[in-house]
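Take a look at the structures listed below.
Here come two complexes built around chain A, the first alongside chain B, the second alongside chain C.
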Partner chain A sequence: MSSQPSASFDAIVVGGGHNGLVAGAYLAKAGLRTLVLEKRATLGGTLETRPLADGKCAPGLFHTVGRLRPSVARELGLRGHGLKLVAPEVRAFAPQPDGRAVTLWADAARTADELRAWSRADGAAWVEFDRHVRALAAFIASLNDATPPATSGGSVGDAITGLLLGRAFKKLSKDDARQLLRILPMAIADFVAESFESDPVRAAIAMRAVAFTALGSWSMGTTAALLADSAGNDGGAAGQTVYAMGGPGALADALAAAARGFGAEIRTGAEVLGVTTADGRVTGVTLASGEEIAAPIVASGLDPKRTLLGLLPPLELGPNLRWRAGNIRQPGRVARVNLGLSTLPVFPAAGEPEEASRRLRGRILVGATGIDDMERAFDASKYGRVSEALLLEATIPTLVDPSLAPDGGHVMSVIAQYVPYRLADGTWDADAREALGDRVVARLESVAPGISALVTAREVLTPVDLEAEYGLTGGHPYHQEPSLDAWFAWRPLVGHARYRMPVAGLYLVGPGAHPGGGVTGAPAQNAVKEILADRKRR
Partner chain B sequence: MAQRYDAVIIGGGHNGLTTAAYLAKAGWKTLVLEKRRILGGATTSDEIVPGYTFSVLSYVVSLLRPEIIRDLELAKHGLEILPLDGTFTPLHGDYLWRRDDHAATMREIRRWSATDADAYEEYGQLMADMARFIKPILGMVPPDPTSIDPRDWLGVLGLGRDFARLPERQQAAFLGLMTMSAADFLDQWFETEPLKATMSASGIIGTFLGVRSPGTAYVLLHHYMGEIDGAFRAWGFQKGGTGAISYAIASAARALGVEIRTEAGVSRVTLTPSGDRATGVVLESGEEIAANVVVSSADVRRTFLQFLEPGILPEDFEAQVRRFKFRGSSGKVNLALDALPTFTTNPGGTEYLRGAVSISPSLEHMERAYDDAKYGRFSRRPYVDIVFPSLVDPSVAPPGKHVMSCFVQYAPYNLAEGALDWDNQKEAFGNVVIDLVSEFAPNLKDVIVEKHVVSPLDMERDWGLTEGNIFHGELSLEQLFFSRPIPGWARYRTPIRDYWMCGSSTHPGGGIMGANGRLAALQLLKARKTKVA
Partner chain C sequence: MTVGTAFHPRTAPLNEHLQWRTWSGFFAASAYHDSHVIEYNAIREAAALIDVSPLFKYEFRGPDAVRLVDRLIVRDATKLTPGRVFYTPWCDEHGKVLDDGTIHRLDDEDGAQVVRWTAADPQIRWLRMNAHGLDVEVRDVSESVAAVALQGPLSRAVLESATGASFADLRYFRRRRATLAGIPIDVSRTGYTGDLGYELWIPADRAVEAWDALVAAGEPYRVRPAGMLALDVVRLEAGLILIEADYTSAIHSHIPSQNYSPYEIGLGKLVDLAAGDFIGRRALVAEMAAGGPPRRLVGLNIEWPEIEALYAAQGLAPYAPPIVSRTPVPIFAGGRQVGRVTSTGWSPILKKMLGLASVGLAHARTGTRLAMEWTVEARRGTVAATVVDLPFFDPPRKRA
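Moving on to the complex of A and B:
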């Protein structure tokens, strides 16, 4: 039994994750009566600060926010809503089994200096490599800003896009331009090998290229993933490391405050069951409570498979699109482990305590010992197994933000790469989850001996948990694999890369849309431009 | 110096011979220099065991360009392709047999999965459509991406326009083919493991990639490209062995006036004193030959690093040549047999051996074979593609006897540190292949008369294939089209005037196509403003 529509809005945003909030804020800012509906009790989705059992707080899925689009932060006035970002001078620290380490700094000259300890040639190569990555990433960034062109027909708008892209392409030097087309599809293993000879240096750079993907360091397309990660941040080849004070949830809070400030209404605990349609147009949404809310525009922050197959009435899709949507690849390969620690663990490779506390402020890369070592960790996951030698990206946010551990001590947040969503033997039950936690701690022990004795609280989220907790189909943090088959004008699907879903009035604003995943707000910002353009046209 | 040629071609493989024939057809005085005693390069046959003729390296043909067959009248010169009928995938206790009889194939797939049988028809249609769309690329000269000359872009723009007109479903399929792994692409359609595994195999042949590596789906198309020429079947054998294809092109070339010399290895290309222009070649014998144009059909590393003195090329260009990826990944095991082997589970008769026999039981089998190679050792359980040409063409073996050709992947040229070199593990490699096939055909060992193993190192030493790469360089997306062999140098020219390329390192890559040789010749004639006859 359904009740009468309770209220009417100009636009409804499904999902109060960070892209949903960005969309809600921009729509409200443009004067639309906007409602954001979030199923969970808290806002922000994966952008969350979670309590640990020992009273400390830890990040939900993403632990750094350096790729947040500066224009989003500026236009939504996030600083005024309490957002404070801190970027330590160190970007990544990769301890090695022999007690040495590769450290990448924000300052390219400093990185180059330190890399000389690995190889003179590598030290010499860094500055040019960093420049090259920045030049190519700047081109990708201009792609990311644009709504992809339509692949069928062709319109004036597309011609303009083409022109803009052409201009960005022209900004590249002739050599960079020629190289771009060669480099984009490359495996990261080959790309780093063209500049560096030390395996640990190659691996430390390559980690970012495979993060959150089901790709190995030898997989084609991983260089594009690295450039996408470098696009729109200041990190160049070292990558970004930026913390939101108060944890990632503080960014979600600022986004929600901004949205409300522009007049958007936000409801939590409001699960959307489906989108209602009439005559091929969106008419509103139905909630799990049975409530129906009318609106001519629905912007979905859910993943594309959930949006197309879960929200829409099946008849609206047709068999062809159903088949294609069903084949959207979402192979989650990432697990999360958060640790409450009584004191700062000792990483011998980071040097004396004072020096260590400086070097450990960035991303700590465990397992970045060599390209083939990385590939072996990947191999196991292809067959549904968890490697003994997982790749870890850890942060200790309490080094820059002690507020996360009010009673002292530290928090370590670990993203474990190459943990398959589907296990070949067994399922992700409590035993498997704890075994994974043990494996991650043991892996940390290899570079920070004694760390296990410091653990005061531990939370493990497997890919299946990430799916249940955050509604990520397949457990994929990017809503869809960021490989070349789901890129730019064909992300999430050919014919639907311009944020418009197959029913008029339905839009995709989450990372399943161009330019993809991570804490950027970019897909939502791009999508709202299209929503407003369509609205003007009507 | 005895005489001066308009063009000297280095290398008498199928591409070198094709270039020569086209140049001669336009009236150029042309000489082909082949280092080996027999012509054909990797497109070759040899009677290695008395009475048995092996297609030593490449063993089937599908993509030989129909315009070349027509222009050079190859049928008159002995080209005769016999059909290769279907693919048999033996399994433990069962098999999957697809053949040219469509109804039979559908029945067979339906035996495995009704969904797959339905999907198979649709898939075949879609792939045929895709092949028709993509084929013009094979006849196109890639523009320099930074070029602003609209004429350079006509072909690509036309393709872009055609793409915009494709139905969405075909656009999606095309983009998937260009970017996905063969396994992911096939996973969209099928559920039957041996079917997916066997189909995926065509995506990895000759590459250092696995069936789960992005970029391998593209090659799936090649199976459908040959098919739609009408004149041709998807895959076939040349009568008398693969070498007869080269001999047909050579015969056509000679008829057009081309001079061909074998056992005439080139040691270097001669240049003007300023070093910016080619003037001819010096043979290993010391003999000098003058020419207005030198065209190399050797791979890009040999073309630039072996035939030229160091320091001649721009530094940046040379660096790019050095990083061009070869990474040979395959080997051959050629067997002379007393009789045909019998596969334990078979459909009866010998009909099923007239096509390919593919050892590809599952995607995991395929992928694990690749895992071994990634870390520098040959696959402990490889993928093997077997043919028995003597069943279709009895002329290649003594009466009642047979030749068995096993293409094996993976056999990485670059072996792990500490491993035995190829000369010392070739024997073990051959045995692994024979043992694996024997699991499915237990009497194999009893019928072997002689075995001949070709390692990637042999391919490099004996055929000049750098690092044993059968395609003159990896056919991965970053080494195709605009970027093959070097970004900005995809138009058969080199930084040295009058020194050109026409081998498989150039667009559109390897395989017995001849397209490279033809396109290079046409570009050269155009540059020299010679009318094409």
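Moving on to the complex of A and C:
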């Protein structure tokens, strides 16, 4: 605070992850002199296309981008900046040990047809279930668009929010509206059981409800997580499966290009050590290089714990809020495994080669064999162990985007669910990391025999690696557990859900803020509206 | 369950009428003798031993011990050099007082700063919450450190006799190490009496030996044990506030008006808004920018002749209760209540009825005449009370 800042901006965005880039783009679009600071050499954070050792490229953390909020893509002109999205006709493919599979298609009628092979009743239930999920998710989407109301005080803005929410609620059918409050806190196991009788069908649907969480299929609130995943996109009950051509990093590139196009300055290799303050107001940031940059607005794309405990001077935060922030739950439970493959692996459950290549374009769900199987995989992680029967969500992006394997072959991207951040026995050293990789490949062998012989390159990122690589405290891809107690007006903390952090001028724009995690750009888009509103008020 | 302090083996037999009260879970003598007045006289005329072991005591140790103090207290802790003692309140984030006590900078050990922090209420969670990011260990030493206050005009003579060392150079609110009967102790020139006096900080396992040494050395000076009733009278004379009587800790407040800023309890002069940040500073800056809080602590001289008149009106002889009342009583100006008297009691040395009161700012100026409720034989009346400067009793020997 003593030395003279080297430069000054209207707004500084800390973190060049996708939400940071969205915030930077919107702030610059509004005419603010904006600087985005990224610690890593590349932009996009978890939204990254990483090189594999065999020359192929694979996604960093997220491998599908179908939850990107359409208005973000439109308003930032991402298509003009080279973003090309591809949505295959298949959404999810869940091979079973008996050689059969549950396949969920974009076309609900087609899904219904296939589900009849499992149960006539399940086939008959699909279309109504999909409608039900879409209707409830549409209501969640309208919550997601709004800044949560103040939990104390209350203003004209809150009244308007209430009005909008009331209108969204009225759009629900009488029955859906009556059911909403019952359904949100439900365990996904119970929710799918109300419509389907086949365990593999239930599990294939339920996978998205626990993705990236430390929740099991029998945990309360997982239905809300499923609806949140379907909110604001075309996912419905099957969920979205959309690829960015060139890998997820291409979306980051388009966001960066958009931000620069609006005049934002973006610096990589610039680690922010702290936010500087004076008299309870943000004055700028200090970089690891010692450089100080002044700005009256700092928008943090970092997770809330890192933002509050890491960036703010302790006296600015105060002991009580520090205590509360210290209790924010970030139990990372996913690991990433990327495989370079010499050829397309054979999944017997996917049928003949031509049919198989169609079915394998979606999310391949390994371990979606039954609701209790999912819960058991979760159980092990509660006690710091890695289940032998991990749940995997795999994609083979090269089926739709061969450019990721320029010399031929394929890439498989695997999100391994229920890998604990802290191991009960030992730590995440090289041996543990490779053992995890072996376990994931062995799990894939159970549905794609012979796959291990095809592996030409392998990269394993444990939750601890994800924390180190992407700055995710606890290794949590959503920055904060998406449980109902950390949702809407309670995210990240009661009293601080409106993007404004306790020091004037400091905002949270990452997924630790409403409406939460995933590749949406939504928290940043919402937050910038509040930043601009505050700026007008001053 | 109430337990004895480290001095209990000695104080228990002295407590002739078993007049105990509980202080933070410890037995504390209300009075040892037939009347506490003789104990009061010892404090003001000779010397007295007051067991203050039930105080909460914490020790900070580490390179950032003083930085932690600086985060917490309203004063500039960078001036708390080894050997100094600060009396200070500390606040929550809203600038409301949590507690008040003395903070002692002990001698550095192995390059680490060492601080003794005393408090009326438990503070360990608050202290540790605020130590985030600092290299300091905070320990509760309430039970391992015994404390006895040696107070009164002859206290220095007793202390020097007991330790064989001169304390002429230990100034007011300073401390230093000493040896008492072979026991390493810490002596601070502090107390809750407004008189010449010391507080002795003693390893609890040697408290009884230390007591015996003090009693033996004090015998020629007629040193006496004194209890809480006598202490209450001298602290009122000294204008020293008492938590939960003259103000409520922000921890225990149930309604906004039970929260007090330092400016409302007579401790505003200690607040240093210019010297670095501390918990609550911003709120206090805002409070002062808005003109300061609307109420202040004042001393009252309650007109004795008017009290006499209330007794006379009922055909009774006047009576001055010898015990300080902590029952809050309304106080009026022009027939409207403007505050409350929180501590009321007779000062034997000043021959005056004294009160500590919280009144509206408009009525806080010295010389303002107010009317305080006074009840005789269950009949309410009012008596005149004049705002006077604090402390009521301030002998030069306190600082000499």
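What we mean here is this: the second predicted complex is superposed on the first by the 535 of 538 C-alpha atoms of A that agree within 3 Å, B and C clash if a C-alpha of one lies under 4 Å from a C-alpha of the other, contacts with A are read in each partner's own complex, and residues count from 1 in each chain.
Convention: a contact is a pair of C-beta atoms (placed from the backbone, for glycine too) under 8 Å apart; a residue touches a chain by one contact, two chains touch by 3 or more.
Being a predicted model, the structure only gives us computed values, none of them experimental.
Q: Could you tell me whether chain B and chain C fit or clash when both sit on chain A in the superposition?
A: With chain A as the common anchor, chain B and chain C both fit in the superposed model.
Q: Can A:E393 be said to touch chain B (first), chain C (second), both, or neither?
A: neither
Q: Please indicate which partner A:E467 is in contact with in the superposed arrangement: first for chain B, second for chain C, both, or neither.
A: neither
Q: In the superposed arrangement, does A:D279 touch chain B (first), chain C (second), both or neither?
A: After superposing on A, A:D279 lies in contact with chain C but is clear of chain B.
Q: Return first, second, both or neither, reflecting whether A:D122 touches chain B, chain C, both chains, or no partner chain.
A: neither
Q: Quick one: angle from chain B through chain A to chain C, Cα centres, nearest 10°?
A: So the C-alpha centres give an angle of 60 degrees.
Q: Once chain A of both complexes is superposed, is A:N320 in touch with chain B (first), chain C (second), both, or neither?
A: both
Q: Applying the touch criterion given at the start, work out whether A:D130 contacts chain B, chain C, both or neither, answering first, second, both or neither.
A: After superposition on chain A, A:D130 lies in contact with neither partner.
Q: State whether chain B or chain C is in contact with more residues of chain A in the superposed arrangement.
A: Per-residue touch count on chain A favours B.
Q: Closest Cα approach between chain B and chain C after superposing, in Å?
A: Minimum C-alpha separation, chain B to chain C, in the superposed model is 5 Å.
Q: Under the contact rule defined above, give the chain A residues that sit at the interface with chain B and also at the interface with chain C.
A: Of chain A, residues 320 contact chain B in one complex and chain C in the other.
Q: Contact residues on chain C for chain A in the complex?
A: That would be residues 71, 92-93, 126, 129-130, 132-133, 277-279, 282, 285 of chain C.
Q: Can you list the chain B residues touching chain A in their complex?
A: Residues 144-146, 163-166, 168-169, 171-172, 175-176, 178-180, 184, 187-188, 209, 212-215, 316, 323, 325, 364, 367, 371, 374-375, 476-479, 482-483, 487-488.
Q: Which stretch or stretches of chain A touch chain B in the complex?
A: 151-154, 174-175, 177-179, 181-186, 190, 194, 215, 218-221, 320, 324, 327, 329, 372, 375-376, 379, 382-383, 483-485, 487, 490, 493-495
Q: Taking the complex as given, what residues does chain A use to touch chain C?
A: Answer in residue numbers: 279-280, 309, 313-315, 318-320, 322-323.
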